[in-house]
């Protein structure tokens, strides 16, 4: 296969970027999308004309959440429920032109080329995405039974890999799906109950201060989420938030 | 900051305002629709005109209507502000953007759709509401036969200032034995005349299409914002949102100008 | 002989007694003691969070963009704990015994017993911090079986146990970051340790975004930097997983223990072509329900390879379920090293089933139909289900249990594993070797600790499935918080040392010189070229089977690669910018040095044990043949200069378990 790439090149956070054309020849359909970039980068290094393309990636098995390419107008490319690293070239045709851009959001500034800074997510978790239990304080794991349905739902929310595709997909660059996944997971478990009010209030406040847009329920986040995190989590976040504002001593 | 301002200034709180005002406006649409159906009655507009009087004089309705105007303004300007605010969250746009792959067109264009509706509301209100309240609306005298309810109507020459004297009321009913004589502000005639204008009819139809798409997303979106998303009830919410608000109501409203244009 | 500082007394009470007698640091003093934690996987995140909770000032470093990306996240199957919730006879002793036996009698008894003792607390702690483990309908925790054991003691969260545990530990870490007790340095790579007066006092780290070098002081430094499987280029490790932090420590005096012990995981997706950048694991939990087989006849295997025969059409009697045949007691659930070698043996003999001849089947059809399909049919009161019904019912159960793994398999290979048997082949997965540590988890450099996969301690020559997560969290949550006190109690009077100290300056200069040297070569070959060459040599000569000739050849070949690398590598860009190629170059340079040591260690160990299989030391049946007389020790290598090491030994004493030949028949 031969592929025409248009890749966003940007030297660093301060400089302007632009799309640059590359032709990659002899692509195998069994290659992953990132492996195609490896091939291209090796070529760029060997030729010595252009610097290799910087992009984030690590586990390459769809779980670490580091890879983050915006491919032909969609985060993680054309397939449903898949990260960029799990996208394979058999999903494209010979001669295709593919536009590759970084996640774009004020809260995710570009570091270089396709790599962006997603530390805003870490700060949101640090503001409340946890259960305050010091090591050694825990009671026996089976002392609190949890209904299987709740445990399963909490798990489905907890499957979020923090890749930021939701923000990238959303026309408002909203991070509601990410925040809601964590709030949901902990709201569904009895262990998370004692801090449910402060958690949701603090996490929403932090989310707003990071410069993400507001949710307008387009559903793009969930449709593009590689872990298919459901929109019901956003509804639950809304419930949790208004319940905390209206029904608790906290604000 | 106290908790109320804190809540309503958060991104979720602002959405809550949009949802609550939006649903309130939806409830008005139903009332407005039901009332306006009287335009289709073959009574030379009597029922419609009576309804218009009722809507503008009943104290409860009057109070509600001020709430409604406030809601319209709030919903519209908050919505526009949010659109600009949300745009700031992505200062550099994508070169390639495939929105249709993951979301419905209407959900991505609520601002545009809402603006069309706002323009429409302004035109609509200035055409009818403003005219009715402050402008020049003709009067009509209806003579209703008490026995068989048969009816005749005569427009009152509004240029005859003497005759008009004493008619500060919008509606006067004089029982005259065999017949009732009813003199009423004839909004119906304004409607009839107005909808002979092609551009106005076109604007109404475009606006109702916009309303349809706006509510297609807006209705169920409001429930999502309120946190009401549950597989047991989503079917009903979708059914009402699409069936009633995105299809029936816009079609009903659009039928009115068309009806008068063709009539 | 090395002193492992194992406490005296009977094994059951060593840890309890240690905990109650270890020196303590009072809360006021903890606040003035600084600890550097490098790496934020299970060990690093749990250690950093716990130490911060105790009151120490902690700095946490990771090279990824967020601590949550650490490769612990990719662990699939589960975590072991001796909870005995299933009432099937499990106990701390059994977990201890299974781990020692699974490690082929090459692990330190006291460490392993401690690990088994705290295993239950890990589950408690994780559940309390919101980890959504799988549950039964009654609301209690569910367990499954894993290789090398005969009880069900593995806790799991679908096929994403590592992710859930890491996110639990990460949330604890972020909580401490939010409270200001931990300072987080993401996108920072540790490039050297700084020793002052014989003690480790800090690190040199590179801010990967700006490229600037930073000096950080710490009263103690914890390396939680994972394993070095990427020395093979192709492995199940993440692309960024590297040995650099551990290797720098090694070059600054920390001994490297058992570098040749590498775990080759039996169930990975086979290699598809030269472009391949990494291998993907299919969780060991699949062996609960998947049966491993190859055709009985070579003709059939050849026909399958050529695409002339569909494996589903091969009759039951023409299939060779070789694990069930060779190891009837454990069947498909033999430990990983055994399963891997058996697959290699079949493929080498010509029974491989994919184009390259390096794959065997992992087949779910039987259990899908007859185990789960029948179960569901019974539940639905269908007395005489059709074959199609059974398949459909079983399909649902399999989907619920392993759905994400099946999806991943399909995504990568393009083949639907619900309809066709999976193809698998062994791949490098985990490294049991690592920095040598004593009972306190301290390396041979005072104040420098190694936790999790980065150390060598608990798994001997082979790790059992679901034990890596257990060890990482045990070290971080429950071991280091106690054992670090033994060292820091004597450090309370040490004021923070200025990073202008000459040792810091010197270390930073060395790091900077090395980076500049890499950039100055301006050769012709990209870094990956060397990495791939190294990987192939390691896999061929120091992989599943090793011999004297191959290892000797490999050592000289790796030396050649090293020379060539430093002459001909091309690293574009410069040091003062985000430069992933430069990061990679530094890591590969370290892998090359490590590769040589691994071969040396493999050559030195004239026996077969666990993941180290020497072809010249095997039984008539092809099983590993240990030499307890001469090799019942840990090989701890001391660095002299590049390519030159001194071997030190720690004798392993078995007081509680009788050493025997490992048998899973």
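For reference, chains read A, B and C in written order, and residue numbers begin at 1 within each chain.
Assume contacts are C-beta pairs under 8 Å (C-beta built on N, C-alpha and C of every residue); 3 or more make two chains touch, one makes a residue touch a chain.
Since the structure is predicted, the reported quantities are computational estimates derived from the model, not experimental observations.
**Q** For this assembly, give the contact graph shape among line, ring, star, complete and other.
**A** Topology of touching chains reads as a line.
**Q** By CA centroids, point me to the most central chain in this structure.
**A** A
**Q** Using CA atom averages as chain centres, what separation in Å is found between chain A and chain B?
**A** 41
**Q** On a C-alpha centroid basis, what's the spacing between chain A and chain C, in Å?
**A** Each chain's C-alpha centroid was found; their separation is 26 Å.
**Q** Quick check: how many Å separate the C-alpha centres of chain B and chain C?
**A** Taking the average C-alpha coordinate of chain B and of chain C, the gap between them is 66 Å.
**Q** Can you list the chain B residues touching chain A in their complex?
**A** These residues of chain B touch chain A: 2-3, 6-7, 10-16, 82, 85-99, 101-104, 107-108, 110, 217, 220-221, 224-231.
**Q** Over in the complex, which chain A residues touch chain B? Could you list them?
**A** Residue positions touching the partner: 6, 8, 19, 70, 72-74, 78, 99, 101, 104-107, 169, 171-174, 204-205, 207-208, 211-220, 223-224, 231-232, 234-242, 245-246, 251.
**Q** Any idea which chain A residues touch chain C in the complex?
**A** 11-12, 28-32, 34-35, 38-39, 41-42, 44-46, 48, 51-52, 54, 56-66, 79, 81-82, 86, 88, 90, 111-112, 115, 117-119, 121-122, 125-142, 144-148, 151-152, 154-155, 158-159, 161-162, 185-186, 189, 191-192
**Q** Which of the residues in chain C end up touching chain A in this complex?
**A** 46, 49-50, 53, 64-71, 73-74, 83, 85, 120-121, 123-141, 157-158, 160, 162-164, 167, 170-172, 174-175, 177-178, 184, 186, 209, 236, 238-240, 272-273, 275-278, 280-281, 407-408, 411-412, 414, 477-478, 481, 524-529, 570, 572-573, 577-581
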